[in-house]
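Each of the two complexes below includes chain A, the first together with chain B, the second together with chain C.
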Partner chain A sequence: MKLPILRSYAVLYLAFLYIPILILPIFAFNDSTTAAFPLKGFTTEWFGRVFSDPALGEALKNSLIVAGSTSVFATLLGILAARALTRYRFPGSASLSGLIMLPMVLPEMIMAMALLVVLLSIGVPLSLFTIILGDVLICTPFAVAILTSAFQSLDKSLEEAAQDLGEGPFSTFYLVILPLVMPGIISAMLICFTIAIDEFIIANFLGSGQKLLSTYIFGQLRFPKNVPNIMALGTILVCVSVLLLATAEFFRRRGLARTGAKDTGGFL
Partner chain B sequence: MSEPQGRGFWRSEAATGLYLISPTALFAILLLAAPLATTLLYSVFTDGYLEIIPRFQLCNYIGECASLKLDAATGEYVQDQTYLGAWSDPVVMTLMWRSLYVSIFVTAATVIFAYPVAYFVSFNVEPSKKSLWLFLITIPFWTSYVIRVFMWNVMISRTGVINSTLMSLGIIDEPLRMAFTIQAMVVTLAHAYAPFAILPIYVALEKIDRSLLEAGQDLGETRFTTFLRVTLPLSMSGVIAAVLIVFIPTIGDYITPNLIGGGKIPMIANMIEVQMLQADNRALGSAVAVSAMLVVGAVSLLFLFLNRRYLKGNK
Partner chain C sequence: MTSSDKPVMIEFRDVHKYYGDYHALRGINATIKAGEFFSLLGPSGCGKTTLLRTIAGFEGISSGVVLVDGKDMANVPANKRPTNMVFQSYAIFPHLTVEQNVGFGLRRDPRSKEEKMRAVGQALEMVGLAGYGKRSAHALSGGQRQRVALARALILKPKVLLLDEPLSALDKKIREQMQLELIKLQREVGITFVLVTHDQEEALVMSDRIAVMFEGNIAQLDDPETLYRLPKTRQVANFIGTMNFLPAEILSEAGGRAEVQAPGLGRLTVDIEKQISSAPGTGQTTIGFRPETATLLFDGQAATDRESMGTVSEVVYYGDMTYYDVTLDDCDAPIRMSMRNVFGRPVLDIGTRCRVGWSPGAMVMFR
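Coming up: the complex of A and B.
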């Protein structure tokens, strides 16, 4: 049934979702230190300031290290768990997968604090490495969710065919399964990268003062005169995120097309 | 199958599955289960100076507690400051109630406003365009949370986007007071968790057999009563999932009270931070964290219990 009201409502709702990230670029190019209408004029000054700030360069480098390593480790852990959960039946699989997926719903603050307390009491010094550990914990459930659907759409007979043709379990995985789930792997890596580069709570509490992009932004927000710089930086970050997501979506769809599965929608 | 027990197990499918999942499971046990268990343990231990003393006590939860300090001369612990346990401390209780009702508000607002969108995408959008809609809905969610929350602040502040627009259009003379209010926090959080509510409801709606709706209408129901008596009950499993997936993380939110509340309306996560770090009282901090989890768990279980009839038959 067609309800025109419903359509307008959905479009309005979508507009509500996009308001913050659409307003961001407007003020990033506005020639005024306060974000208010009417606009004053066009400037690229704020972007210039962003690129000339050495602290930002450091934060960017740290964020790239953290997000890069997180995406690799979380995806590796995700591959193992997703493969085990989709292909094999074993005792305790429900509770283990429940535990692995738990960070998706648990309040992040509580996980971060619990982890922090343990790290401090066993004497692990806080560093970029501890931030990576926390981020991997947060990202793994997302990787598992994406990869589970990738592995699920695999036809088991392909694997059996490879083994009938004399391939061992490892070469079957490498030659047959891996290429088929590769789009899912790339998609999982991109999503984990996107989460880790924006992640704030872990970066704020599990590091020892190293600035990452998110904590750098949070710190700058206390100074009203820096607000336009943050908007410029935010504009760049949002563009990068959208680009990564569009790429992830492209690979996810290609993966589904490759295995012949029906597209059931988003990442979650 | 004919293989003998014992050795056979280690070559079986079950064992292969366990080997495969073990690194991920071990990681989750070490970095999630163990820390949560430690928090639970710390919440019944005694607070010391920059340490935690393994002496059992329940006063971190209820009653009055004393921190201990090592006396350098005698080498024994002596009583330092006293403090109230989480459930006895009016400040903790105020923050707990505030977190609870803000999350309930946020959850209700998010799910009620999200349902029609999920319904629209599932029932009114052509199948080929569904994934585009879902993609559009999820994009804002993947962009930096700190920046999104900050942008809400920019919009609602005294001299911000909304006030300056309304004033230059002559609709209002005085700026509206929106910043640092609970309503502003609710809008910000409802915005942040929107996709989390839409997706489970959408999945539940997609599973509904469309012929049931035709049957309802053939039997004389109107569209609206069909919706109330067929569609809504069948989609309740998704609504319940949406409620839990929004409610549980919201209660521990840290960024929104900081940026939108301006630190003036702290929630329970801010309390946990203060106790664990600035006040160096990990015993009380742990008790507050455990209490927050207990409250979340109790409310979630109550909610599940009240809706148990919708969950029958679903896994």
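Coming up: the complex of A and C.
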């Protein structure tokens, strides 16, 4: 190795990224109420407490409702936008695509505040529904990004071939286009789900006291005796997230293999 | 039945197509007859694919009329036209099996499932893919995809089969084999084939008639032999094969014959009766001839017609053939001639003095 400094940099970088996450399960199984070394002993008590906390059950249910609805709506909007952006040339299509992608880089805090002001001024009561609205706004750019690449890898003559063989625009869409972009759709839904399930700022600003996973965890952190529970819950969430992202990537790659397109690097 | 009394299958009447400011089709007038193997030949960007796509219905036209089987196609969408297409990329549906691909167009067919399956089997057999039905489409080779695309289009028994550069993605060997198979297939099914190609050899081999296109216009529409023998313009002559051009002076012109004087060849009479008519006149012109219509005369060999003296200026050896560039005496530019190599006859060296035999009958005049 000519430049060991680069290698050590890379190792340090990865360590900084992932060691905190690896510490989570260590303390989750540690038989002590304080998250500190040295470790005491092995226990699954904290996991038991997590599962028996009714407030957590409520938060989990709310989060699943929010993340589930968000992933469905954001992906539906994503399909429409991606199809329009890849298939049609129209005046302003480039700036439109930019506007759709903008929420990805805008400070979330500002978007949440702006949404809050608008919702209150037009008299929409805050609820799970308003949280879903905010999350859809955050997630749609991700869905559009994934789906645009899925639609782009489609050979346009496949559509023409279906028409040539007698199918109209709608049957062409569900017989040919939909099956071929389905892996992209599943992948987009999974990504949106993982983003929405732990979304904190939107949940905090646009909710009216309904606990979601993120706000529940934040609330629990104020009580030191509950910290091990949070570690256990965090461990579960990390595992679920990794599983979901791996599934999303699996479907994305399968989509490429199906259409015979070249892998130009995924979203992950 | 000769080709002239066959019914008309496709007719273009003054077809124009604009893409914004770009004039892609500039007044196309042509008819394609039923059962004909018709080719649209030209360099890329000449409008040949656009013209094909106006038949299929994938491309609207800016003005003019496209008729298929006597019906104006103006308000007929692609999925209702009596045409089917073989795409350049084949457009095989990658998520379906070979069988499902070939049977795709039968979805609205009222026949029973068994009858449809039989039709699919027959179509696969016709293109030499019997037994491939259950395979996944993306596991096929280029040649096999091509066959699936053909079967998928022909199973619908279209009035016209449109082929958009169907062989351009194949290796040379497979391409030549597919050319012959396509001709055979076309004779069997009797369907009108319209082929788009940029390969002049392919067009000559396969077509009954060829339309040569440049810049949105049909420059010449003829059968392959006429097209090769009597090209109407230097552009057509150059696109189809090789042609030698010599400047010449028209001395007199009457009764479909022109008396011309050309450097290197001397005074000769060119038969211009079958060429484009124009007012007779005198002045500068260009005459041309194909490389194989002139021959090098060896030793005591006598010329069948006329002969001129020259010097070999370039030799290109191709195994079965040798190409010679010969500069004729009193002529600036060399002419190219192709000679079949005969056992026992030496290949001449550059600089050798030689006699060239040629024939006024092979000359074409360009105005």
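A few points about this structure:
We take it that the second predicted complex is superposed on the first by the 256 of 268 C-alpha atoms of A that agree within 3 Å, B and C clash if a C-alpha of one lies under 4 Å from a C-alpha of the other, contacts with A are read in each partner's own complex, and residues count from 1 in each chain.
The rule is short, and it goes like this: contacts are C-beta pairs under 8 Å (C-beta built on N, C-alpha and C of every residue); 3 or more make two chains touch, one makes a residue touch a chain.
Not measured: the values here are computed from a predicted model.
Within the superposed three-chain model, A:Ala162 lies in touch with chain C and out of touch with chain B [touch as defined at top]. Once the two complexes are laid over each other on the shared chain, residue contacts for A:Ile19 go to chain B alone; chain C is not touched. When the two complexes are overlaid on their common chain A, residue A:Pro179 makes contact with chain C while staying clear of chain B. In the overlay built on the shared chain, the residue A:Ala81 is in contact with chain B alone; chain C does not reach it. Touch criterion not met for A:Arg222: it reaches neither chain B nor chain C. Contacts of A:Val105 after superposition on the shared chain: chain B is touched, whereas chain C is not.
Touching more residues of chain A than its counterpart among chain B and chain C is B. Contact residues of chain C toward chain A in the complex are 56-58, 77-80, 83-85, 87-89, 91, 93-95, 104-105, 107-108, 138, 152-153, 156. Interface residues of chain A facing chain B in the complex, by the touch rule stated above, are 1-3, 6-7, 9-10, 13-14, 16-21, 23-24, 27, 34-38, 77-78, 80-81, 83-85, 87-93, 96, 99-100, 102-111, 113-118, 121, 133-134, 136-137, 140, 144, 191, 194-195, 197-198, 200-201, 205, 213-214, 217-218, 221, 227, 230-231, 234, 237-238, 241-242, 245, 249, 253, 263-268. Interface residues of chain B facing chain A in the complex, by the touch rule stated above, are 13-18, 20-21, 23-25, 27-29, 31-36, 38-39, 42, 52, 113-114, 116-117, 119-121, 123-124, 130-131, 133-140, 142-148, 150-155, 159-161, 163-165, 168, 191, 194-196, 199, 202, 206, 223, 244-245, 248-249, 251-255, 259, 269, 272-273, 276-277, 282, 285-286, 289, 292-293, 296. Across the complex, chain A meets chain C through its residues 155, 157-158, 160-168, 176, 179-180, 258-260.
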